[in-house]
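Taking it in order: structure first as structure tokens, then the write-up.
Which chain is which? They are A, B, C and D, in the order written, and residues in each are numbered from 1.
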Amino acid sequence: MNDTPSSDTAPDREAVRARVQDCFDRSGLLCHLGAHLGEVAPGRVHIHLPYGAQLTQHLGFFHAGATSAIADAAGGFAALTRTPIGYTVLTVEFKVNLMAPAQGESLEAVGRVIRAGRTLSVVQVDVYAVQLGEKTPVALMQQTLMSLPEK
Amino acid sequence: MNDTPSSDTAPDREAVRARVQDCFDRSGLLCHLGAHLGEVAPGRVHIHLPYGAQLTQHLGFFHAGATSAIADAAGGFAALTRTPIGYTVLTVEFKVNLMAPAQGESLEAVGRVIRAGRTLSVVQVDVYAVQLGEKTPVALMQQTLMSLPEK
Amino acid sequence: MNDTPSSDTAPDREAVRARVQDCFDRSGLLCHLGAHLGEVAPGRVHIHLPYGAQLTQHLGFFHAGATSAIADAAGGFAALTRTPIGYTVLTVEFKVNLMAPAQGESLEAVGRVIRAGRTLSVVQVDVYAVQLGEKTPVALMQQTLMSLPEK
Amino acid sequence: MNDTPSSDTAPDREAVRARVQDCFDRSGLLCHLGAHLGEVAPGRVHIHLPYGAQLTQHLGFFHAGATSAIADAAGGFAALTRTPIGYTVLTVEFKVNLMAPAQGESLEAVGRVIRAGRTLSVVQVDVYAVQLGEKTPVALMQQTLMSLPEK
């Protein structure tokens, strides 16, 4: 059970993107993995991760840890777009199904806010493998986040 | 519902460790993050991850993606120790609670097999932050894995 | 990671419904709770649960156990519609977020197959509270199921 | 990420049990299923559920919904024992693995608090099938709860 939803102010898209990009740039892990920010809209954020040998598990596919990292980030940023200025979000927990081998030129994670509460938010994230312009769903995440005042 | 449990053969510890280390060394992501293998016993595997700026989220703690990556790996390797030779394991899904800020000199993930089935296994993983020799629980994972014949 | 998808045969809607209704009728719990089957389509199943004092938690809302029971059933039946004749499905695991107080005249759970594999399927379930003809999302489930030959 | 832990006051066992029993008695679903309260200790609660035809799925085992209902309740009551007087707890989300067919004379769910935070708590629940005095693990739950002031 969560609490009452936040009011749905619709801040200017540029400002929303800048806020997410700033948070992205301060996330050492995302840069280290080679991820970059894609589309950003209120309540929805895309992250791309090009394939590389530094991202693999023992069979040469993307490691579940890499898939989960960009899914968690896409979900967190999606929640951030619905969080009042002066607050940040932290992941409380998530669950992810690895539905198919994650292989291709890149992964794309798309986080979408399902419910934005004052304290807790629920987000769904779809992850696709991209190969020759075609997208195949490879993972599905359901995530809970908490908003906290920034120090 | 899973299937009937695997017989609990107790292979020699050295061979078990060699099998896990081989799988670890072929996992590009784990090397890229700077993780290393700790204790290995039948049904239980430890992974260590020293802190570094390349592992952080926007507040400077270990990123949930880094925490999850070593937890997923520790769980997968724990399942591997209970899987017959000639088979490998893949993560079907996992759920992780990030219980406290993951900050310290390093993280330690400890995967333990709860149920080893012929097809599916269930594993629990505890993740601790280590600081000045003291361990604080920071994350808790429950994971489902599938065993498959190696090609 | 799951296995290769099942072929998507499209059996006659009447037969699909009859198969699900038969499975529903043999589920003592669903009858005991007062649930009944709603719409059935290949890959999607609805279950309704009218409110009653026998379904509550300590504050008088629908108990999370009741919400989860019909969500698990709707997801399982959705998977059943995509499973070959002669096979049945069992829940491997699920994760559910209780997003808002489940209060109203009834609940409606809608299970949708996201991926139908030969062995494992992944299903999403939305649960709504219905009050004066209006639906409010109250829960969200992500579920893994296994198909097995019927005895 | 949760918040700072609650202080670990150790109220008298009788009072703790009375508080849980009161909450149990106001839960219509638990009575309707035929469940009853077992052992209660600070941070740990047991619930028993005798087998009956009104609790089954289509193969005659305990329905995942029944298993989950008592697991959710045992976890919630365990969290309640660690929550200050004047507050109640609500389930935010849970994840449960159904590890083996739930068949036997009864089920026993044992909820244990892993982390009691001021706002959020994390609980693990083991469910056993009991047959001729022997206990078999059949389900494993990881649960997040929120504490709220009672009205």
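We adopt the following convention: a residue touches a chain if its C-beta (ideal position, glycine included) is under 8 Å from a C-beta of that chain, and two chains touch if they have at least 3 such contacts.
All values reported here derive from a predicted model rather than from experimental measurement.
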item: Contact-richer chain pair (by C-beta pairs counted) among A-D and A-B; value: A-B
item: Remotest chain, chain A as reference, centres from CA atoms; value: D
item: Inter-chain centre distance, chain B versus chain D - centres from mean C-alpha coordinates, in Å; value: 28
item: Centre-to-centre distance between chain D and chain A (centres being mean Cα positions), rounded to whole Å; value: 32
item: Rounded Å distance between chain A and chain B, as computed from the means of their C-alpha atoms; value: 23
item: Multi-partner residues of chain D (each touching 2 or more other chains); value: 1-2, 90-93, 95, 97-98, 144
item: Parts of chain A lying in touch with chain B, wherever the complex brings them together; value: 23, 26-33, 52-59, 63-66, 68-70, 72-73, 76, 88, 90-98
item: Residue ranges of chain C in contact with chain B within the complex; value: 1-2, 90-93, 95, 119-120, 144, 146
item: In the complex, chain C residues that touch chain A; value: 1-2, 95, 97-101, 114-115, 117, 122, 124, 137, 140, 142, 144
